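Listed after this line are the structures, all set down as structure tokens.
Below, chain A partners chain B and then partners chain C, in two separate complexes.
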Partner chain A sequence: MNSQETLKPKFFGKITASVSHEMQNVLAIIKESAGLMEDLLMMAERQGGDITPERLFSCLATIKKQVTRGTEITSSLNSFAHTADHETETTDIIEITTRLLILTDRLARNAGMEMAIAPCHEALKLKTDPLQIQACLHLAMECLFTCLNPGTIVTFKFNGREGLLSEIEITASNKENPVDDIRDRLSSSSMFTNLTDALEKINTTASPLTSGLLLTFKK
Partner chain B sequence: MNSQETLKPKFFGKITASVSHEMQNVLAIIKESAGLMEDLLMMAERQGGDITPERLFSCLATIKKQVTRGTEITSSLNSFAHTADHETETTDIIEITTRLLILTDRLARNAGMEMAIAPCHEALKLKTDPLQIQACLHLAMECLFTCLNPGTIVTFKFNGREGLLSEIEITASNKENPVDDIRDRLSSSSMFTNLTDALEKINTTASPLTSGLLLTFKK
Partner chain C sequence: MSTQPIKVVLIDDEEEFSSTLAERLTLRGYETQTAASGEAGLDLVSNQPFDIAILDLLMPGMSGLDTLRQIKSLTPELPVVLLTGHGSTREGMEGMRLGAFDYLMKPLDINELTKKILSAVKN
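Moving on, here comes the complex of A and B:
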């Protein structure tokens, strides 16, 4: 099998592995807090003393915070998993990118990067293969991650007309530790070649910019 | 794209969607228990009375039970996700099937089925595409689910020699509501054709049995 045939399963594997790892962290923190509460209650029982509810409330607050975080991650994973149901679908690009950034948050953090979406005043749609476009956006991130220095903010900006997506600009910003030659680094990277091959399947091109990448969606 | 090209992403989507749904349930129960504990503590504070620790301990037991369940599911999902990393690997068939049954537990329950693995006295290995074999095992389950009546126990039995897998028998048992013509039902089903096509890619054949299915792994 060539790299294009294995792109989707490998992308799915990468996202799911990262998210399940994040979920294990969520559960570990909940377990720790529940254990601490149990210790506090048992101590109070043994000593016959009063329970100071403050510490119990603080453990419960930690548990609830992790439940919220876990629910955001698992509901994103659920919506993401359902994008494999159809090979062509009219997708809301801001919605799928927002979800992808939640799901890849850990991967970005590990690379020392921060991801952002520029404000967009209208919903932009695109009729495409939803898993392929997400795999391409993820490849684009990975391409940039290998070229950029830690501490970079990578911003997605969507351009379109009459509700239809025409371009995505993915630009890097790092005041303290900038890279001057993103264009050169991208052009000579094998990952960039993988990206252009993957984009070709959804009729899209990638051009390196001084500050990042431009994806152009053909009509 | 034909159904064979989309098999892996769709399989991945189905497993991940089901598991993330299960995780949402785990988190919902934890949230409910944490909320109940908060109510109990606040009630005790307002009334200036003692806290009866029994109810708090019982909530903590529920939380810990869900953490254990959630950890089993997410660690299975994590190992499963990593099977997409390699296209060929020497896999332990009992290990991957055990994990697949954990991950598809909700799907089996929804179909009213119970899954089991027959005791096997040695580890049986197979050098294959790990994601493809798992997708095939899942397809085999789905094939049987459509043919069988609720309440059926579906058992996987592994045969092999010198540590190498040669056959998997997947048999159905339902004393109250048996199906007499599994062989006929399977032979005429389009899902069974999908299964044989998918198995062909890993040099394996499927034969309908009176009581289920036999997968034969060629050397």
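Moving on, here comes the complex of A and C:
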């Protein structure tokens, strides 16, 4: 199988591996918080001391926070898994990207990057292969990560007209240091070649920008 | 006769995890400190004496394995127990090849961890 044939299964595997790792962390925090409550209650029972309610409330608040985090991850994973149901579908690009960023949060953090979506005033749709577009967006992120320094914010900005997506600008910014011109590094990387090949399948082109990438969706 | 508490440094970017685990170990008589990155962990290890390091493998910035390599070059005698959220044992085995005492899977069992700490410190 060539790299284009393995793109979707590899992407699926990468997302599920990262998400399951993230869920292990969520469960680990819940387990330690519940364990700490148990420790405190057992100590009070054995030694007859008092536990301040604030101490237990603090553990409960941590558990609730992690349940919310876990729920967000698993519901995003569930919706993501269903994007493989159809080869072509009218897709809400902002919704699909928001979910992708939740699922790839750990991968981005490991690369020292922060991901963001620029405000968009209308829902933008695109009739496409939903799994392929997500694999392409992820590949675009990875492509940029190899050219950027840690501490960079990578922002997705969606452009379109009458509810239809025409372009995605993925740009890098850094509060501390200006981002270098990455065009040459991007266009000479093998990952960029993979990206352009993958985008071709959904009738889309990629062009390097000074500090990012422009994806243009053909009609 | 009083015995010195075992000094543990917990290095994990999941701060709620490490602070809660640190509190549980403190209740069991250990002296604990936490670091939220490999870099911060190395800073602690190079400036203070510890009996053991508990180190997460997957962290932003310096990875767990890179942190382990640096710890082993700074303080070769310091035992390191690795934590992994990976379903496979491959990363843990790689860590042991690099000199880690052992590895444990997340979520942890506190009794298993304390047994591991005692056995590593005795060694």
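The working rule: the second predicted complex is superposed on the first by the 212 of 219 C-alpha atoms of A that agree within 3 Å, B and C clash if a C-alpha of one lies under 4 Å from a C-alpha of the other, contacts with A are read in each partner's own complex, and residues count from 1 in each chain.
The rule is short, and it goes like this: a contact is a pair of C-beta atoms (placed from the backbone, for glycine too) under 8 Å apart; a residue touches a chain by one contact, two chains touch by 3 or more.
All values derive from a computational prediction rather than experimental measurement.
**Q** Tell me the contact category for A:K8 with respect to chain B and chain C: first, second, both or neither.
**A** first
**Q** So, A:E45: does it touch chain B (first), chain C (second), both, or neither?
**A** So A:E45 only meets chain B here.
**Q** Touch test for A:H21: chain B only (first), chain C only (second), both, or neither?
**A** Both partners, chain B and chain C.
**Q** Who contacts more of chain A, chain B or chain C?
**A** Answer, by number of touched residues of chain A: B.
**Q** Once the structures are superposed on A, label A:K127 by its partner contacts, choosing first (chain B), second (chain C), both or neither.
**A** After superposing on A, A:K127 lies clear of both chain B and chain C.
**Q** Is A:P150 contacted by the first partner chain B, the second partner chain C, both or neither?
**A** Only chain C is touched by A:P150; chain B is not.
**Q** Counting only touches as set out at the top, which of chain B and chain C does A:F57 meet: first, second, both, neither?
**A** first
**Q** So in the superposed three-chain picture, is A:T83 touching just chain B, just chain C, both, or none of them (first/second/both/neither)?
**A** first
**Q** Enumerate the residues of chain A that count as touching chain B in its complex and touching chain C in the other.
**A** Residues common to the chain A contacts of chain C and of chain B are 20-21, 24, 27-28, 30-31, 35, listed in rising order.
**Q** If we count contacts the way the header does, which residues on chain A are in touch with chain C in the complex?
**A** 20-22, 24-25, 27-33, 35-36, 39-40, 43, 59, 62, 65-66, 106, 109-112, 150
**Q** Once bound in the complex, which stretches of chain B touch chain A?
**A** Answer in residue numbers: 1, 5-6, 8-10, 12-17, 20-21, 23-24, 27, 30-31, 34-35, 37-38, 41, 44-45, 50-51, 53, 56-57, 60, 63-64, 67, 70-71, 74-75, 77-78, 80-85, 87, 131.
**Q** Spell out the residues on chain C that touch chain A in their complex, using ranges where they run on.
**A** Result: residues 13-14, 16-17, 20-21, 23-24, 27, 58-61, 63, 85-87, 105-108, 110 of chain C touch chain A.
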